[in-house]
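Let me give you the structure first, and then I'll get to my questions.
Note that the chains are named A, B and C in the order they appear, and that numbering of residues resets to 1 at the start of each chain.
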Amino acid sequence: MRKIVIFWGVFFGLLLYLQATSMAQTPIMSEQLVYSLNVYNGKGYGGAFTPQTEDTIYLMADKNSAIFARTTLVYFWPITAKFMAGFQTLNEEVVGTLEILKGGKLLKSLKPQDNSLYYPEGYWGETSVLSIDEEARTYYEKYKKAVDEYYQKISEFYKARIEHRKKMDEFLEEIKKRREAGEEFTSEEIEKSIPREPKPPEGPKFYTTEPRQDYIINLPVGTYRIRIRAEDGTIIQDSQKNLVVFTSRRTGGTGYEIIPGNRWTMREPCDDPARIIYAAGKNALYFNPFTQDEYNELYYNKLEDPQNPGRVERWRWVHITPIKDVTLLFLKGKEVLQRVKRLPYSVKQVPGATLGYDIIEYDQEKQPYEKPTFEGYKLDLSPTLENTGYQINLEKKTGGFFKGGKREVRLVRKENSRLLYALSIFPLVIGVVVFLKRRKRLVP
Amino acid sequence: MSKEKGFLSTKTIKVLTRRDLGSALHGWGIYAVTVISFLLSSFFLGRYLGGIRENNIRISPDPLSGFFFFPSVIIISFYLTVLSSVSVSRERDQGTLEILFYGPVNSSAFIFSKYLKEMLTYLIIVVFFFAYFWGVSGLTNLGFSLGLVKAIFLSIFLVSCWISFGLFISSLTSRVRNSILWVVGVFGALWALYFGQGLLLSLSTEEMPAFLSYMGGAVSVIYQAVWWISPLSYLSRGMDAVNVGSLWLYGMSILYSIIYSVVLIILSIFILKRKGVRG
Amino acid sequence: MIRTENLTKEYDGFKAVDNLNLDVKEGEIYGFLGPNGAGKTTTILMLLGILRPTRGRIYLLEEELTKNFLSLKRRIGVVSEKQYLYKEMAAGEYLDFFADLYGVKDKKKKIDQLLKSVGLLEVKNRKLGAFSRGMQQKIGFARALLPDPELLLLDEPVSGLDPTGIKQIRNLIEKENKKGRTIFISSHLLSEVEKLCREVAIINEGKLLAEDTMENLRKKLSKTVELEIELSQAKEEITKALSSFDFIQAIKQRENLLTLRVKSDQDYRAPISETISRQGGIVLGIKVKEMSLEEAFITITQKNISLLAPLEEVTK
């Protein structure tokens, strides 16, 4: 007994110590060779870095991805349980030739190339393109030119605005004088002769990053090995990594992001067609459909950030582009119960002491200074509906359904949850029957 | 020494199994444990339904197969492990094992019958599972899906690992009390190991003091070894297969469980032969 | 029915059974006698294949035990000292279970017959946990008789029973023997074996001390008395002179104490003391010890094997 108490005492003491250790340590910086990444993720480009703890880099097949080796300071950040790079403190380029090997044989030797990211819909847009060499420089020049022109226009705009204010003052002075002189004007006459305010210029709609030097990798599906050979012919220490190049398992699926009416910030993905949408009571659900591709979870997670965890046995759908011009159908069997169009919505806080909000349909005329909070296909579920046999699906404008757009909707009977406890004791009833039957057979 | 001819007499196994199963069914344990596990599932289900009420929505491929089924399986597995862990030692302790061996019973038939009895007990519980989840589905409208059927089917193999492990412990021990202490001790140590491993993994090796780093390495090596020895790992592997929804993992989980069970049953037979009916 | 050749069981150098050679003939009631710890149960466990012998061979029902081991065991009934029953089962259920195990045909009729013969038919549906020691022993008998065995192995069958119970079990054994069954009784009670057995083997410390008919054994053990003679001084001439008498079967000397095994057909104290005086010895006292069969058995199993051994060997 005493031994057991001592054992558990030591064990839990150690656990507490470990726990305390994990929380109390100050970050230790270590100088490492890391790869900074700018990789294609199926819909655009994303950046990350590969610390020494990760021995594999994951890239999408047949797409340009940019990587470069740098020496920087790396430290562990316990809150995210990830390593962070201090590029601001140390960012030293590792110069050399990137060698790609396949099955131990040298496949390619790459020199750094100029590259930049081109965002045709602007910096916050969903698409981005990696341009290289001349194209990168051209795009950047084009962007720089557009920005210069914009600044020129801005300058002109400010001048015009000063001019406008001046004219406005003169106009108001003149109106004042003429009024004092007994002259009368209609508002239409004033409107007609008022100096027009200059419109501010619009900035460039696109965005391009400044070209930089990276190794541009574009490979078919497979596993490779990379390393950097220095100018003196030696392999640079810590530059060797595995390279996994992969592609999607399935493409062209349909996924949803569902916004529950009563918690609009808690968006629920519903990507796998096998997933069932369980709903309860009176509901308003806002659906946002996307086209989606399916990737290996481990590969894709590691592609997004080499430090992400993931399972090689699991697959994940990745939303590619929003589906907008369709009709969402709410069906029971083949019967269409609701046909829903995509609409913009505004979230309005309920004024006063009552906490909460209302989601109302956005009306540009009534809300000229607002933008819609979100857009979606609103589905109203009534508690009077029967429980099973419902689906949603997406109907194309040209007719027919979107591939993989069907989902099952079940309305749960939450009111029966107490009956579950009664259901739980049925084995005991069987036990009593067995017991009584046997007791009848036996004599005391 | 006498060679035990008729290595596995199916008739003997059948008779032994029938007696043991009858004895189990006439007791209260199987019903009580099943009810406890169902009450736990019902509690979780109630919370889950409450969650849907709060959020208006819950998206899941098959909630019954994951959240609510496996906690029940863990409780029942542990109960069956304890039962199997005392199955040999109790008969040895009470002397009934010797009486059986006076007759046409050998170590193989005896161990196999004990295994079969616990498996049949679980199959009866599986029938209860089907009835319970069918009832749950009817009451709540959470779907009784193919996924749940697959999870229940897989659980038979996972529980087999626990039962074989219990049998192995039982063949090693001569007293009921020792068997229970062993099972509780081993499971306690395994949980502690999993917990310790999880905690050490959450730490960066660079942040650790040297002795913790060494300890982490040692724990990691032990964990790797235990990963193939512990029945908990087989259950967690199976749960993972259901959770991930990978057919490959599902198949491998079944295969690993079969291999594990067979190895432990053979070891139990061997130990019983070596140790004898009197311990 | 049972034959062993140099049967030996060793545990870490300790010989529990040492070169045991038994021969039990068909239809016999064979007594296997020995004090507690003599190696009786070890022998039985080896006969049943439960213990692996270190050396030696076992033949049961004319077959070597290595062959058809399990089918051989179906032809043997065993009653142990304690019955170790499944207490949660009713008597009828218990016998039904063993009937299935042994593959007994027409089991219901057979079970009722056996319960009737052991006087337990009325309690067929009572749980075994509620049975007295005697009832448990009887259930053990019924279980052993279920497969209609050719050979019954009984290990201390009446141990712990009251006189009525002993009588009932004894009657049962005799009845079963009359049906032609060979019965092997292992016991530490000579009185029990004496009443039932025609052939007896005595084992002590794993060694077979004697294997003979009960009649011969009785003659050896009960037709003698033991004389303890205290002398003023022991002399070799006295022992020599006494050994010439044919009524003296064995002589043992320890310092001034002479122990003689003497025929009990008449009182030989006078010629013995006269011979001692003639050889210059002085008799200080003579004690006469008349042993019962039980005492003789106890004596011989407490290392005094001289009583069973040939006289010449002992005197030398």
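In the analysis below, contacts are C-beta pairs under 8 Å (C-beta built on N, C-alpha and C of every residue); 3 or more make two chains touch, one makes a residue touch a chain.
This structure is a prediction, so every number in the text was calculated from the model and none was measured.
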{"item": "Chain whose Cα mean lies nearest the overall Cα mean", "value": "B"}
{"item": "Chain whose mean Cα position lies farthest from chain B", "value": "C"}
{"item": "Leader among chain pairs (count of C-beta contacts)", "value": "A-B"}
{"item": "Averaged-CA centre spacing for the pair chain C and chain B, given as whole angstrom", "value": "49"}
{"item": "For chain A paired with chain C, centre-to-centre distance based on mean C-alpha positions, whole Å", "value": "90"}
{"item": "Chain A-chain B separation of Cα centroids, rounded to whole Å", "value": "41"}
{"item": "Interface hub residues of chain B, defined as touching at least two other chains", "value": "26"}
{"item": "Chain B residues within the chain A interface of the complex", "value": "25-26, 28, 30-32, 34-35, 38-39, 41-42, 45-46, 49-50, 52-53, 55-63, 128, 131-132, 135-136, 139-143, 192, 195-196, 199-200, 202-204, 206-209, 212, 244-246, 248-249"}
{"item": "Contact footprint of chain B on chain C as seen in their complex", "value": "48-53, 58, 65-71, 73-74, 76, 78, 80, 82-86, 88-89, 97-98, 100-103, 143, 147"}
{"item": "Contacting residues of chain B [partner chain C, same complex]", "value": "1-6, 9, 11-12, 15-16, 18-19, 23, 26-27, 94-96, 98-106, 276-277"}
{"item": "Interface residues, chain A side, partner chain B - complex", "value": "11, 14-15, 18-19, 21-22, 25, 28, 30, 76, 78, 81, 258, 260-263, 266, 268-270, 272, 274-281, 283, 285, 311, 313-314, 387-388, 408, 410-414, 416-421, 423-428, 430-431, 434-435, 438"}
{"item": "Touch list for chain A against partner chain C, complex", "value": "441-444"}
